[in-house]
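Pasting the structures in now, so scroll down.
Same chain, two partners: subunit A is paired with subunit B first, then with subunit C.
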Partner chain A sequence: MNRVHNTKIVLWLITGLAAAIALNRFVFGLGATTNLNDEVPWGFWIGFKLSWVALSAGGFVIGAIFYMMKREKFHSLVRIAILTAFLGYSAFIVSLIFDLGLPWNIWHMIIYWNPNSPLFEVGWCVMLYTTVLVLEFLPVPLENTSRYATVRAFLQKFRFPIVLLGIMLSTLHQSSLGTLFLIMPRRLFPLFYSHIIPIEFFISAIAGGLLMLAFETLALHWMYRRTLETDLVHVLCSVSVWILGLYFLVKIGDVALEGKLGLLLDGSWMSYLYIVEMLLTTVIPFVMFVMPKWCANRRVQWIGTSIGIVGVVLNRIDIGGFAMRDATLWYTPSWMEVVLSVGILSTAALVFLFIIETFHVWDIQPRDPEALSHTPPFFDRVSGTWLGSPKTSALTRHTLAFVISFAVGMALISGKRLHAEGIENVTVRPASGIDTLCINGNRDSQFVEFPHQAHIGWMRSGRISSVTIDSLHYVLGAGADSCIVCHHLDVPGEKLSNCWECHTSMYSEVDFFRHDWHASASGANLKCDDCHTPGETRTGRTARKCTACHPSYTFADTAGYGPNAYYIPSYVDAMHKLCVSCHTIESRVIKDKPNLALCSTCHRTGTPPGLRAGMKWDVSLPRFDNVVLPTPVRGIR
Partner chain B sequence: MESLLHFARGPLFRLCFMIMLLGLARILFLDLWEAYRAYRKAGDKKMPWRLIVRRGLEWAFPMKRIWRNPQLYSFVSILFHIGLILVPVFLFAHIDLWKSAIGISWPALPFRWALWLTISTIVCAAVLLIERLSVKAIHSLSRGQDYFWLILLLFPFVTGFVCANLKIGAGLYQFLMLVHVLSGDVIFLLIPFTKMAHCVLAPFSQIIDALAWKFPPATDQDILETLNPNH
Partner chain C sequence: MSKAILTDVTKCIGCLKCVEACKDVNHLEADVPRVWDKNDGLSAENWTSIIQKHGKHYVRKLCRHCLEPACVSVCPVGALRKTEIGAVIYDSAKCMGCRYCMMVCPFGIPRYDWDQTVPHVEKCILCYDRLKEGKQPACTEACPENATIFGDRDALLKEAHKRIRENPAKYVNRVWGENEVGGTSVLYISDINLDFLSYQTRPVDMPLPKETLPAMEAVPYAFFGMGGVMLGLSWIIKRRMKLSGEKSNKEDSTHE
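And then the complex of A and B:
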């Protein structure tokens, strides 16, 4: 079995799947890809990403041990550590592009400074540290060519200050990633919240970085079937023991001093989460590595490092999402979030393998066993054909894996209509009120009041300008009857149907006509020629009008949408079109009244006082932007 | 039936279409990558570009060649290719599906043109099939793949023709539409892995052909040594 090849195939498969989802994210947006919402804008993505930064900490730790403390035995690890750090940070930055709502503005923090924000500091540190890592690693690829010898010599001459700068920047932002959460004492569950969260982040990052390096060394030796430098892994594990112990003491000490020990054992979901996290991050790896005999055992090393890494990842995910107040009520990560994150990591792993096979990163440069010149030519099992030279044969199979998993990803991403499926399907509920309708689309305190009775009066009395009426007739194509101007179509058997009866979906277009139902045997069971003119292309234009079969329809043949189109606009779009198109015209004529074509005129924050009495929840609760939290908060306070 | 149809033109279509799109891009990339490597290894780096372009154009627009080969076969084959490309790409119903799915559209064929091109493609496929079976020279050159593709390509065209033009009931319509969509999906899926890949590889075949005669330096010496025991 070729372990290198099989690992690469798996990585390519994950990368392909993630690429399809990445495409989905950029074409159809975050809403179509993630389960994030206004309550939980930072979910699995952010937490998982924070752990990449933590696990990349090996770069500066080994740098410090080797260059500052002059421990020569770590020599063979330095380049791998720096490469890991570089790829970890690059993956972090790449994943930010997917995560940010407006990724093309990522450069803003360089120009528009906000020194009060921890994210500002993190952003700058990550940017600078990635540059430092490039400078640290650049001499390695430059070894292969003599052309840039001066650049290489220059970088090596200034290696010490560069390493020093790297250590400083890492120390700064590893801790300030924790600082981000200092501003959320009321959002983060008390067990997870701490005033010294920056310090906890820093210590756990050092432990995570060391464990990650030990794990990587084990994995690389397993993959390339090389004899293990057990000594070095042993040293890494035994060093990390002390840091894990320190981390445990700091965490538990903090919980005890803050008087939160009671929460630890109260049997809630959060307490279990905390206990599991502590077991994985510190207790289990600590017990495994603290005994010298166990620490030298390779199987124990495998298990211990893996558990420790999972623990650090879990810690970051907890703090980034799961331990947020009531997060689990509103949010479970979608499979696409998970796959995209893992996909970025597997791409980084592929780059890692490419670099260690191409450049002199390890003490002995490994090679893909298939790429060695003495291996026999590889024949494809299915077609029996020769797949080309070793390099091409690997490429042939890897690209095939990518293509297949990309296609599978495309098949999985959404349902009937590619761009509408990801949008949350919110069913419209009718507006309340009689004379004045209260349109409460988002079910929050942002009502839009629509004086229905008044509009009827204004229509009848001619207070609405004739220009508007004329334009309305033109836009909506309705007759002179004022009701039909807005109630442009009725459900069979009704007169003056309400808006929500046809515009049933809040944000997505509605399949109003249902062609498949009309054409199916179990539906209207119509033949094509029953509606379409024979001998012409079967389109909406060549079909009979709806009113031919449904004479009760009082249908205004509106431009763009109408019986010719399968889809009618969402409730939000329909309402906006109906209101704004009139009020835009009206606002040109009437100058002394509030401009109702402006969003803020109708969308006022706050509740009309008369309505507040009957509200089901208390709107005086602390509010985060426009989110109002329901009063019965489960079990946490 | 309805849900099956939804599946066939939803997820299954996306799967097959993406495999076709990326699969074709992949083999084109691998083809050119190997061509580049062959070129780098070649001792004689001079490429007969003029000849390559001329021959390429001759094959793309076979005005001269048409008279050299059996004329019926040539004509029918050309007509078959025209219908095969134009009808699926420029049919109004297909463009409408693209428009409703991802919002892009392009000019469509007039209804009459689409009708007659469909009929001509079906007839051409039948003629080509008969020719493959009856003409001895062609029959002996044919592989199983060649018959398979002609028959497979007939499926979407015949079902599409019946669905678009004949007066049929809803049940039969749905069944035929399902066959239409499924056979289309199978075609997309198989294109990059069979001879149909010539749709992207054909333009480069002349370059590959020219490169095939370029050998690494000192190949002649190696061959001489191998063939001549006294050398």
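And then the complex of A and C:
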């Protein structure tokens, strides 16, 4: 088993999947890729990303320990720490390209300044520090070529100030990433909000950076099957113990001083999240590493560093998204968010492996075991064919892994633009041709024609008496002179029905046929067999037509329809889109009509004059709390 | 001369004329409910909305145009700006889409074009173009009941207090927007508690940008302080090594 190759294949698979999602993100937008929403504009991406910066802190910590404090034994870690930091920050910047809504404007931070903004400061620090990291790492790839010897010598001459600048910048932005959240005192859950978040971020970054380096060393030795420099991992772990302890004290001390200990134990979801986070970030790794005997045990090192890293990641994700007010209610990351983030990390890991195999980053440059010259030709197990030289065969397999998972990713994403969901708007066409209005009341594109001049004629001839402002109340009460005469089915025995009795839903269309009423003893009291043929499946389609019992139903074209066909608009649509729409136009021309376009014509407070006893006035208002009124469609014609 | 809007919740009849006028003036398209919408009627296409509370109380929601806006203070590229006239306006050409403004808004106002491939932040800009022409915002102009009115902030505050004084039984004795987060340019008087409009619940509250101020002021100290500490440390250690006779200047040549 070749661990290096298998690891690489897995990384290529994830990268391929992520590439498909990256495409989805740019073609269809953020809404189609993430579950982010107006309630939770920052989520998993931001939090996860912040943790990369934290775990890259090893770059400046080792710089400080080695160059400033002259601890010689950390020498073999220097280059790998700088490379980790450089790739961590690069991954951070790359992932910003997917996370920002308008990533092509990312350079705006250079020309449009807002020094009050913590994000502005973080942005500049990250830009400068990444540059510093490039300068710190550049001598490594240059050392093989004599051509750039002057550049290399120049960089080495200024090594000390460059490292110092790196430390200063890191201090600043590791803590400033915490400053980002200081401005959300009521939005971040109180247990997670603290006035010293910047300090907490800084300390946890140092611990995270050290643990990450230890973990990396372990993982690289495992992959390349080399004997472990146990001593160094041991040192890293035992140094991080003190920082973890400090972090624990600062966190708990802060919670205690702010008087939030009660929140910690109140059994809410957030308190559990906090406790789990504290266990992972500090308590478990601390306990594991605090005892010298355990700390030297390789298995304990594996588990302890992994748990600590997961803890730091969880901490950043909590603060970046999950611990936000109501976030858990509104947001769970979509699988695409997770895969894209992990994909960027795997790409960084592939670059990392490429660099350590190509340049002298480690004290010993590892070789891909299959790429050695004495490796026998590799035959594919299934087909028995020779896949080429080890290098070619690796390339083939990696490409294949990428292409296959890219294809799988393309198949998995829906590839659909997000389209309108929810209530469809009723299309009311303005008079076309002469004066005929087409009303699509049933939303089935079977338009009801409304000859307006004819109606006016009927009104003049007395067939419909002219509607005055006072008699408008009949619209609600369904009096003899109301619109209902023309616009509604003649409900048998109930000429005084209120609008809402059929338009039962305020906002969405409903079935006019009330099955429960027909079946109930207090209603029509019908037996099943009265409408449904015995022995047949009882559906709306097979039931008797409404006109069989209600011959007075004169609605156009309904004779052939069963009960299911009687869909009617919501109350709001019926009133606003059908009645008000016409009257908005009319009120500009005819002055003596009631101005239905003026909302206060209908929506009045108090009891209207002429309201007959027993009639309900409150019919138009939904009877539940905190309703958001639907907004009118723009440009009513 | 800071302008403001005063909304009297007791007068609003919930007719949505303001919403319609807003959509017309700002060329907003028809809106449909989406998974990413908050439950308050605001969306990328609705910059103002009306929420019905406890029966017949209609509360208009829109950008509060804070006097010291958190969104303006955090925008890294200065795409949001508080104008002298009082409006907080948005420059889509500068925006890079970090959505920090959405995170910090104490009232949860800014919305995002989640369905667009070129998304922008969407929020009420107090009809800034109309204000510059000397007109009033479309919503206050459209209100048939004068429930929401436009004017100088000081004059409106006086008016608000006058209405409460004249009718203390009707109103809650508080002008929402007078002091919260340092004051806002959109004021409310009401017969019900309006704290649901905001993440803040205390009547007098510090402007949010002040929360980050100490940390931001500490930046140069942290920067140069850490530099100083590191230099000092390295000097002390180097000197100690020199004194103990070790050759410490080797690392430059051996470890690069």
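For this structure, a couple of remarks:
Definition applied: the second predicted complex is superposed on the first by the 414 of 637 C-alpha atoms of A that agree within 3 Å, B and C clash if a C-alpha of one lies under 4 Å from a C-alpha of the other, contacts with A are read in each partner's own complex, and residues count from 1 in each chain.
Simple rule for what comes next: a residue touches a chain if its C-beta (ideal position, glycine included) is under 8 Å from a C-beta of that chain, and two chains touch if they have at least 3 such contacts.
Quantities reported herein were computed from a predicted structural model and do not represent experimental measurements.
Looking at the shared chain after the overlay, A:V78 reaches subunit C, while subunit B stays out of its contact range.
By the document's definition of touching, of the two partners only subunit C reaches A:R159; subunit B does not. When both complexes are overlaid on chain A, the residue A:S176 reaches subunit C alone and has no touch with subunit B.
Once chain A of one complex is fitted onto chain A of the other, the partner contacts of A:A149 are absent, as it touches neither subunit B nor subunit C. In the superposed model, C is the one of subunit B and subunit C that contacts more residues of subunit A.
By the touch criterion defined above, A:L526 reaches subunit B but does not reach subunit C. Judged by the touch definition given at the top, the superposed model places A:L261 against neither subunit B nor subunit C. Contact with neither subunit B nor subunit C is seen for A:V276 once the two complexes are overlaid on the shared chain.
In the superposition on chain A, no contact is made by A:C549 with either subunit B or subunit C. Taken together, the two complexes place residues 417-418 of subunit A in contact with subunit B and also with subunit C. Remark: subunit A residues 26-32, 35-39, 41-42, 64, 66-70, 72, 75, 78, 100-103, 105-106, 108-109, 112-114, 116-121, 123, 139, 143, 156, 159-160, 164, 167-169, 171-172, 175-176, 179-180, 182-187, 195, 198, 324-325, 417-418, 420-423, 425, 598-600, 603-605, 621-623, 625-629, 631-635 touch subunit C in the complex.
For subunit C in complex with subunit A, the touching residues are 13-17, 19-20, 23-24, 28-43, 46, 49-56, 58, 70, 73-79, 94-100, 102-104, 106, 108, 111-120, 144-145, 196, 199-201, 208-209, 211-212, 214-216, 219, 222-224, 226-227, 230-231, 233-234, 237-238, 241, 248, 251-252, 255-256. Residues of subunit B that touch subunit A in their complex: 1-2, 5-6, 10-12, 14-16, 18-19, 22-23, 26, 29-30, 33-34, 37, 92-93, 96, 100-103, 108, 111, 114, 163-164, 167-171, 173-174. On the side of subunit A, the complex with subunit B involves touching residues 20, 388-389, 392, 395-396, 399-400, 402-404, 406-408, 410-413, 415-419, 516, 519-523, 525-529, 534-539, 566-567.
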